[in-house]
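First chain written, first letter: the chains are A, B, C, D, E and F, and each begins at residue 1.
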Amino acid sequence: MSANRRKFLFALIGVHSRFKKCSGPSGLGKIFMKSKITKTRKYRLDMNEKILNSGFKDFQKFFALDNKAYLDGKIPVKYKELMGLVGSMVLRCNDCIFYHLDRCVTEGATREELHEAMNIALIIGGSIVIPHLRYAFEMMEELQRAEGGGQNA
Amino acid sequence: MSANRRKFLFALIGVHSRFKKCSGPSGLGKIFMKSKITKTRKYRLDMNEKILNSGFKDFQKFFALDNKAYLDGKIPVKYKELMGLVGSMVLRCNDCIFYHLDRCVTEGATREELHEAMNIALIIGGSIVIPHLRYAFEMMEELQRAEGGGQNA
Amino acid sequence: MSANRRKFLFALIGVHSRFKKCSGPSGLGKIFMKSKITKTRKYRLDMNEKILNSGFKDFQKFFALDNKAYLDGKIPVKYKELMGLVGSMVLRCNDCIFYHLDRCVTEGATREELHEAMNIALIIGGSIVIPHLRYAFEMMEELQRAEGGGQNA
Amino acid sequence: MSANRRKFLFALIGVHSRFKKCSGPSGLGKIFMKSKITKTRKYRLDMNEKILNSGFKDFQKFFALDNKAYLDGKIPVKYKELMGLVGSMVLRCNDCIFYHLDRCVTEGATREELHEAMNIALIIGGSIVIPHLRYAFEMMEELQRAEGGGQNA
Amino acid sequence: MSANRRKFLFALIGVHSRFKKCSGPSGLGKIFMKSKITKTRKYRLDMNEKILNSGFKDFQKFFALDNKAYLDGKIPVKYKELMGLVGSMVLRCNDCIFYHLDRCVTEGATREELHEAMNIALIIGGSIVIPHLRYAFEMMEELQRAEGGGQNA
Amino acid sequence: MSANRRKFLFALIGVHSRFKKCSGPSGLGKIFMKSKITKTRKYRLDMNEKILNSGFKDFQKFFALDNKAYLDGKIPVKYKELMGLVGSMVLRCNDCIFYHLDRCVTEGATREELHEAMNIALIIGGSIVIPHLRYAFEMMEELQRAEGGGQNA
């Protein structure tokens, strides 16, 4: 695999942004708390790399389209990620919820904004969404703690 | 039913905002184009009134929560409606798509913003969303024409 | 097709129970109101007969299992049909909603019982269920009128 | 948080009813068998408390509506919980299945009634429901054993 | 729009293959029977063209990927279209069912093969798929008649 | 339970074919790699046996229909299993994905054929399918390794 191709794939699976965010923990508790986040991110990263290196080119094209859909446009990236969160919650996919929650926190979404988006998902999707709301709350706390105090500190 | 109660229900089912938006057509073509919109809105209005007047109070409570989820908050109302649109498209519900599209246009969402939101829904939900993308395009055109030229004119 | 086979298939697609229920309208309005019900029942009946006569035997076996699931057992048939209604509403299938609503009314479910079951479906499935709640209300009214006054008269 | 508020939230998340049900194991085997049940209930309890204490009031309102939908009414509570079970199985949500199964057993649903309800869900939802039928069987056994012999003893 | 671009889009929305298939009806009955097919195809065609000409490029890219997924590969195109039919039936999308059924018939799938694929969808998806099985039977008949006698003649 | 009945149930839950496939590992690594596969198969086997021995006969009838849907017919069994894989992926059920992937590998589906089928599922179902694509890739590797080198060696 050429260096250029590898760079493209790395951009696609977000290696740099992912690990930049992981830097700078300031205590043992924080390291422990981040383990679930880190593990979830790593499995995603490893498996995406296998899919993207499988030799089946259209997987790469779909992943590229998926990536591009959330880039800054007429709708700011933060709101696009919140849309991704709502879509993931009403379709009840925990892995997708984690991914978009992670991105929302990175893009500076506050806890209040996350609550409002989660509430839209809860109302659209009903009580069947509640187990995923529980998961979202669990991961939101871990993500905001890992970010260095969170927006509500 | 008391006058107050009626007023509350009317607010809930959005009678005033709906008909205010219908004012001001400027030609026969426009009247014709609006017929599908008007019919869809009217059926929704009539049936909601039956549900809200059925005597089963918790229907009203749920409808009130539903209504409140999209009010202006930390997330501006336009983005909340775009989130409602994404949620409706990935869950593939044409009635819901029409409702949120209608609200998005009222809140000033441009065609480009609608495209970006629809694209997020298409990528999340896949080709099974395409028939609803067709419906969304059909209604988006009618709604923007009915609005008096559209935001892109 | 033998007479016996035909009798089995007719039992399966419920010809007799369906048309017995259609007897005894007492006015022009009632006839008009029943047209939507009759048309929906007839399409279902005709197409089921085509499927069951297609020569592919396992369609018949599945239809027989489907039929049997709602027969009187430890759970009374009325509650089984209400369960069928809840399942149909949360999965958002109007044809299935009509069928189970029709059966619920035949089994003597009152409007209050239908409201409670519909509310469970609304809470489980969220606002995405609302268009189907509207449809259920529309058909519930027609079915109860067609029954000769309804259970709440 | 005031004492009253706390009492309301505790009622909502069912602390008392949950732990009352856990009392009275009569052997080591039973304690071990209950560990999966207890863990599932505890995670649900803890996360619900976080959601209900998040300061976002409409989560509480939705949870209250959810709770109320299954209270005794024209439809007896046991049948409402069986409806909740059917809804949860066709929507394929294990956490929801556990919750309603737990409630059904508490309300005295027998194994035969549970089989009939599960069969309705299997027929409506198809083979995609089978993994959730496996989960339901696993938890049904543990719940009925924990109850002190089960309804079929 | 350049001629080349237009040719690409036309290939994408399948204008030629669609209309070639429509040629050669040999009687009034056949013309009447094809009207539902023609209307469904035309709406699809018209709206796809609007989407593909909307100026939002990523819609085109997704449509191209969608188109490419069903081209001849290690899996022959007929089986790919049968897979598309199964996917459309379990996700309960009539427009998608019509499209893949249309393609299956064009690719020479026999009625028996269609029955077997539909049965897999029915078993996977359960009774909630039945209304879509009815629709599939209705359209299968029309498509095979329009093809000039069908594979079972 | 009679010997015959037991034989029927064993055939249904596929004991022999499952364990035959597990024979012949040639090293410690292979044994370790197969543990996840073995565990997943065993849980499925054990729980199916409980369901089929529950005394509720219609579970057996549904399982038999399910089993029969994938037998060799006009459509070869390999393509039927690939259809089962597509149906499982678009409905996002990991247990079902594992089962059909396992069957596909047994029926000789190559990695290229699996990629093409997975791509159809990805395009139909969208990015919400990606976590299941990751799971499918993980299990596909383990299954093909356990098979003794895989079809692409």
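In the analysis below, a contact is a pair of C-beta atoms (placed from the backbone, for glycine too) under 8 Å apart; a residue touches a chain by one contact, two chains touch by 3 or more.
What you are looking at is a predicted structure, and each value in this text was computed from that prediction instead of being measured.
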Touching both chain E and chain F: give me those chains, sorted by label. A, B, C, D
For chain C versus chain F, which are copies of one sequence, does the interface use mostly the same residue numbers on each side, meaning over half shared, or is it different? same
Distance between chain centroids, defined by C-alpha means - chain B, chain E (Å): 30
Roughly how far is chain D from chain E, centre to centre by C-alpha average, rounded to an integer in Å? 44
At least two other chains touched by the same residue of chain C: list those residues. 58, 62, 65-66, 69, 87-88, 90-91, 96, 112, 116, 119, 122-125, 127-128
Complex contact set, residues of chain D against chain B: 58, 61-62, 65, 68-69
Per the touch rule, the chain C residues reaching chain E in their complex are 43-44, 47-48, 50-51, 54-56, 58-59, 62-63, 66, 87-88, 91, 93, 95-96
Touching residues on chain B, where the partner in the complex is chain F: 90, 122-129
Give every residue of chain C touching chain D within the complex, in rising order. 65-66, 69-70, 73-75, 79-80, 82-84, 86-88, 90-91, 96, 110, 112-113, 116-117, 119-121, 123-125
Per the touch rule above, chain B residues touching chain E in the complex are 92, 112, 115-116, 119, 122-123, 127-128, 130-131, 133-134, 137-138, 141
